[in-house]
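Listed below are the structures to be examined.
Note that chain A is present in both complexes that follow, paired respectively with chain B and with chain C.
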Partner chain A sequence: MRYDVVVIGAGVAGLTAGARLAEGGARVCVLAKGMGSTHLAPGTVDVLGYDGGERVESPASVLPDFVSRHPDHPYALVSVAPALEWFAACVERGPKPGYRYVGSLEHNVLLPTALGAARPSALVPTTMAGGDLGDPAPICVVGFRVLRDFHASLCAANVARSGVEARGVEIDLNLHTGRAEENSLGIARHFDDPGFRSAFSTRVAPSLRPGERLGLPAVLGVRDPQGALTDLEQRLERPLFEIPTLPPSAPGIRVYDILRAALRSAGGRLVIGAEVVGASRDGTRVTSVRAHTSGHDHVYEARWFVLATGGVASGAIELGSDWVARENALGLSLSGAPADGAARFDPDYFAEQPLNRIGVAVDSSLTGEGTDNVLVAGAALPGAIPWREGSGEGISLSTGFAAARTVLEREGAAAAA
Partner chain B sequence: MAAITTDVLVIGGGATGAGVAWDAALRGLDVVLSDRKDFSEGTSGRFHGLLHSGGRYAVKDPQAAVECIGENVILRRVAADNIEDTGGFFVTTPFDDPAYADRFVQGCRDTGIPCEEIDVAVALREEPRLNPEISRAFRVPDASMDIWKTVWALARGARDRGARLLTYHETVAIHRSGDEVTGARLRDARSGEEVDVEAAVTVSATGAWAGRIADMAGIEGVRVLPGKGIMIAMNHRLVNTVINRCQMPTDGDIIVPIRTVSVIGTTDVHVDDPDDRTIAQDQVDAMLEDGERLVPGFKRARALRVWSGVRPLFEDAKADDVSTRDVTRAHALLDHAERDGVSRFVTITGGKVTTFRLMAEETVDAVCRQLGRGGPCLTRTQALPGSEDGRFYHVSERLERKERHLQEDQLVCECELIPRARLEKAFEQRDTHNLDDIRRYLRLGMGPCQGGFCIYRATGILHQLDGMTAEEANHTLREFLEERWHGVWPILYGDQLRQARLDEWIFQGVLDVEHVQ
Partner chain C sequence: MNPDTRHPTPDTPLFDLLRGSLDHCVKCTICETACPVSNVTPLFPGPKYAGPQAERYRDPAAPSVEWSVDYCSGCGICTQVCPQGVKIAELNAHARRRVKARKGVPLRDKIVGRPTLLGRLGTPAAPLANASLRLRPIRVLAEKVLGVHRDAPVPKFAGRTFRSWAKKHKSPATGRRVVYFHGCGTQYYEPDVGEKVVAVLEHNGFEVDVPLKQDCCGLPLQSNGLFDDARAYVLRLARVLAPHARNGAIIVGNATSCTLMLKREAREILELEDDPDLKLVSEKTYDICELLLELHDRGELNTDFRPLEESVAYHAPCQQQGHWIGKPALDLLALVPGLQVHEMDARCCGIAGTYGLKAEKYDIAMKVGEDLFQQVADSGAAVVACDSETCRWQIEHGTHKPSAHPIELLHRAYGL
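After this line comes the complex of A and B, so read on.
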């Protein structure tokens, strides 16, 4: 099979690159071993939440100084704002009516985590915006006995310690599934049903006090979250918001749905269940990749490749028991790894771990070292610690966006020549 | 200051100390069992889980072998619920001296260890992952033993007979009056409060720390050499039979299938400080290589956790070798009335987990001699709580229970199949707010995800149950994460590194545990 561009990986970075390339007129195929980390992530767009452990109030004003101190960070190579604008527009024309991302690079919103910590994000979905801890309105956090992945009393107790009045309540949901446990995705599917929402409102209303906002685990539907939010806010006559918790993540799956729709509506193709296990090269050019699918291998030829397979968490970068790190799909060189014999980890859990910044070595245009036509995006890039910086979506969106632009520009230049 | 009076104060809540408490309580004595931390938090809780048949010592230390097989038979009878009857193999690999096997057979015969040579083909059929290059195989009655469960059964049994259990009570002074030890002062590590225990006899069952307690009592010359060994728990049961290399005991030559994992052990390095738990990278690498010799592909399997324990070893005056493995593994009972002219004080140290009951028996015999009362030892026949029906633990026990109650209860920990009701009961039974105590009690967070999913859940449940403050809940959560990290970072490669990264995304990314107020 022949494409202009093959994108490897279907997380935020891969889908963003794929959609932007398709929008730019390229024939694109996105190949992925499985779902990306969208299904695990909270569903917010985090650009820069922490800088050296200190909370960032305004990513826009901190970023210039941040990249001067971290010249190897992906943010030193790309700009963030256009990608965020594009993403917000995707959401707007996407498959979830009325669902929006609000906020800006100028000011981080603080939302409660399931533990009750105040977590900074640049853009947040409308279903979460009501949880802004900058708002002094009291909060009633409601958990469900059936959802072991969310504990309302602990969440509320910690929120209260951060200065916003909060209390936790646990109610029975009556899912009638016959099971004692259900994860937040399973519950979110119930919330897509207006009949269920009506019964839920009746059940939860007596627990609520006047003037309280209602915080729920992130379960407000997958298909039509905005519809579920509006419906419940009307029934309960108060603002309501979602609090992200342990995977799977309904808000994260909405991000996946939205980006996938952007890719497909622009004519891009998505193949899940195709693990890229090798490449053919002609000198510094990769000419095709081999993808392992059920039954047999497929070869995909393309002029350009975007590697957006993620970092260590996805299995894209692996450290062997011989302590040698490898990039598994294309065998590209890595950078940011501790030198041979140097410590890979610090015995203190909260210390900066030397191996944390490992990634695929790239030049300033995100081109993989030793290649001419492989662009690298997302968590595969070196130099960042996205889970600690609170920068995951910002890096993936901006580098996926930039990789697509670079490919399109070079294609254009080649065509002109 | 609070003061309590008892017949026997036991300092040290490992297998031996808990065994002493159980034995003494069965003989009708009043007992206080104390530990500076949680019970079995020290050496006992840091071994590989092997209930020796004695085969390991059959050639090198026949007396230890005789003790092991004797205790193996007794413990199978009285502590069945804590033992999985895995059986054991001794196999001659291409790396072993082939001449050792005949000496091994003779040693087993001399020490009374049932040992049957089996066809290599039979051994490989039973354990298909075993190195196919083995030349001989012998079957012995090795087994695996859950030491945390055992120690808690001992402590609970003692408590049911009136014993008082004081975890997190560090001994800060031994009271001495002339030539008598009259008790000790303990400090509650959590509240800082001190309590004086007046005891007719004080027993130090502090293993590698026995020298320190003896020093406090003003007794000189009790010197215990801490020998540190590391062990690695591998995900899954790579083998279902204990596998020993048929050679003189050395590093990394045993794999013990226990609960949901397989543990490879061990090394032996002399250290000065019994609290030294550092793990050297080269030891980890060597251990993985050793595993490869027994089970090809071992290094590609997933390592879950590494830890070290310190054996208490008495220096043998005749051994001039620096290696502690040549120091006797036998236990030492020091009746200080006889040894030092200081009465009402007994030290028990050395030995191994397999022989803890025998050590306890001899200790309580000495206590009774000093007290001038107390009945005969009953621990050879009296089953521990939970083991009354004599049925061995089976690896699929929790799964079976879960299947029976599939609809009724939530699983808090999928890896170790711990239901919510069980966890809630454990908080109550153990009277603890410490998730690490619960880990030892229920194996919470000990599976492949190393707490990634269950620890937030457990913290939330704990907070809700006890009305504990959010501050305390955050503290125990963070402490657990830090404790887990100590045991995982030296073996983070392959899928376990990937898992650790997912856990970091959850705790640091989704929950933002680092920045909770």
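After this line comes the complex of A and C, so read on.
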């Protein structure tokens, strides 16, 4: 198979790079071992929530100083704003009618997590925006007994600690599925149905007090979440918002649907199930990758490759029992690994672990060390601790976007020459 | 040891492959989001619960504590989407076999698992067989006696076989040989699809061999838990195809479920990793659209397509997705001028081979298919293209629209 670009990985970084490349006219194929982390993520775009443990009010004002203190951080190599702008536009022309992302780099919105902690995000879907903890309006968190991973009272008690009046209520949903428990995606499918929403409104209304906002676990539909939100807000005559759940995450799946649609409508291919297990090189150029597929392996040739397979959490980077860390798809060099003989782990679980910032070594254009034509994006990059910084989606979007731009620029330059 | 009661142990390669993959499960629930069956019925708790979680409690020496895995349709989507490489569907196929072995396999499953038996009986008496299979009292009786649902889609016997045509057909000698593995659907129900496959291959310079001794790949037996019988079938087929592969020919098929059986499922699920014939056949087998797209990539595909001014909905069957090659049919159909192709992204039509035929599973299968049927209706397409014959029959049943193998559209666009 011959392409201009092969992207490896179908999370936010890979799908962003793939969609941008296809939009730019490249013949692109996205290969992935399985579905990406979108299905597990809350669906917000977190750019920089914490800097050295301090909550960030405005990513735009903190980032210049942040990158001067962390010159190896992905944010030191790319700009974030254009990627966010593209993503918001992508949502707007995407498959979910009326669904939008709101917010900006200037100001982090604080939204409650499933545990009621305040989570700082730069962009949030319209279905979550009503949960802004900067708004003093009281909150009623409604949980469903059938969704056992979400505890309304626990969430509300923690929200109250942020200074917003909150209480939790649990109700029965009457799903009639015959199941004692249901996950958030299963419930979200019910909320796509107007009849179900009507019955739900009748059931929940008596529990609500005047002036309260209604917080629900993130289950407001898969196909038309904005329609479900508007419908329920009208029925219940109050603002309503989603609170991200434990996986599976309905808002995260919407992000996948939106990015996938962007890739496909621009003509990009998507191959799920094909694990990249090796590469052929000609000097510093990777000429093809080999994907493990049923029966016989497939070779994908391309002029460019974007590695967006994730970090240690996805299994893209592994620390072997021989204590050697490796990148599994292309065997690229890593940086941020502890030196030989140095400690690999800190006994304090919550301390910054020596391997936390490990990633594929890149130059300032995100090109993998020792290669000319492999760009690296997302959690595969070194220098960041996304779960501490609250920066995962920001890094994936901005580096996926930048990797695509670099390829298109260099292709353009080569064509002009 | 009775091979049908064997369980993976640390000594078999299968243990590494299947049980060993359990420990990669991080409980991310991605498989649960994709499972067509558990999303519509509580009777199957989902691939993660029935697979990597329940498997830890299954003991070969003890009775199964959990029977719901019989409701897994075996579509394999869970394995495809797993980002950690857990062999979820394969583990569940084994669990299903053990459950069925304990419960007893119904006569129905032994019959629907043998399409060649049905084909040989039905073909000579096609008009009578076709009429009977559409008579309400007979279908009600078949439901009561056998447990085949009265409304389940059943194909029409063509009244002739593909091989009777192939016996008389001589492919022009070009020296560029492929072996055509046509499968039972083509042999007994859709011989015209097989003829078009041959014509399209010939139009692209191939000399097509149709080994006349080929038979069923055993997939329906395997998915009904009859592993020993399935092994006998697939090995017999491998013995027929392997000599051709050894001579350098590639094997091409249009039934994506059957080619997946040859490529991977027989080796993994039926524990036949070590059979040299099957291994060779597995490596040399191609789906027809996969092969044609590779030709196109090399600039060797004949692209003298005439315009087809029509609109088609394309559904990739689950077992086509199990090839892990994307959707080559979409890329091929995109080459036809004028043809409007709508990609359906609903997961499954519900039929899963023989699953949706069964009286106790028909309603589940139809519910699984609802999303797809709705998408087809919304697309406004006049015809539904799909690579697998059982899926096509289910889609016709659920949408009341005609269906076609992608090759039939290419065949028409070539003007053959």
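Just so it is clear, the second predicted complex is superposed on the first by the 417 of 417 C-alpha atoms of A that agree within 3 Å, B and C clash if a C-alpha of one lies under 4 Å from a C-alpha of the other, contacts with A are read in each partner's own complex, and residues count from 1 in each chain.
Convention: contacts are C-beta pairs under 8 Å (C-beta built on N, C-alpha and C of every residue); 3 or more make two chains touch, one makes a residue touch a chain.
Bear in mind that the values here come from a model prediction, so they are computed numbers and not experimental data.
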{"item": "Touched partner set for A:Tyr349, first chain B, second chain C, both or neither", "value": "first"}
{"item": "Partner chain(s) touched by A:Arg93 [first = chain B, second = chain C, both, neither]", "value": "neither"}
{"item": "First (chain B), second (chain C), both or neither touched by A:Arg179", "value": "both"}
{"item": "First (chain B), second (chain C), both or neither touched by A:Trp323", "value": "first"}
{"item": "First (chain B), second (chain C), both or neither touched by A:Leu40", "value": "both"}
{"item": "Which superposed partner A:Pro247 touches (first chain B, second chain C, both, neither)", "value": "both"}
{"item": "Which superposed partner A:Gly311 touches (first chain B, second chain C, both, neither)", "value": "first"}
{"item": "Comparison of chain B and chain C by chain A residues contacted", "value": "B"}
{"item": "Which of chain B and chain C A:Arg161 touches, first, second, both or neither", "value": "first"}
{"item": "Which of chain B and chain C A:Arg189 touches, first, second, both or neither", "value": "second"}
{"item": "Touching both chain C and chain B, counted on chain A across the two superposed complexes", "value": "37, 40, 178-179, 247, 314-315"}
{"item": "Contacting residues of chain A [partner chain B, same complex]", "value": "37, 40-42, 50, 53, 55, 113-119, 146, 148-151, 153-154, 157-158, 160-162, 170, 178-181, 244-247, 311-315, 318-323, 344-350, 386-388, 390, 392"}
{"item": "Chain A-touching residues of chain B, taken from the complex the two chains share", "value": "288, 299-300, 303, 407-412, 420, 453, 456-457, 459-461, 463-464, 469-471, 473-474, 477, 481-482, 484-486, 489-490, 492-495, 497-498, 501-502, 504-506, 508-517"}
{"item": "Residues of chain C defined as touching chain A within the complex", "value": "24, 28-30, 32-34, 39, 42, 45, 79-85, 260, 262-264, 282-285, 293-294, 297, 321-327, 331, 343"}
{"item": "Residues of chain A touching chain C in the complex", "value": "1-2, 29, 32-37, 39-40, 177-179, 183, 185-186, 189, 247-248, 253, 264, 269-275, 291-296, 298, 314-315"}
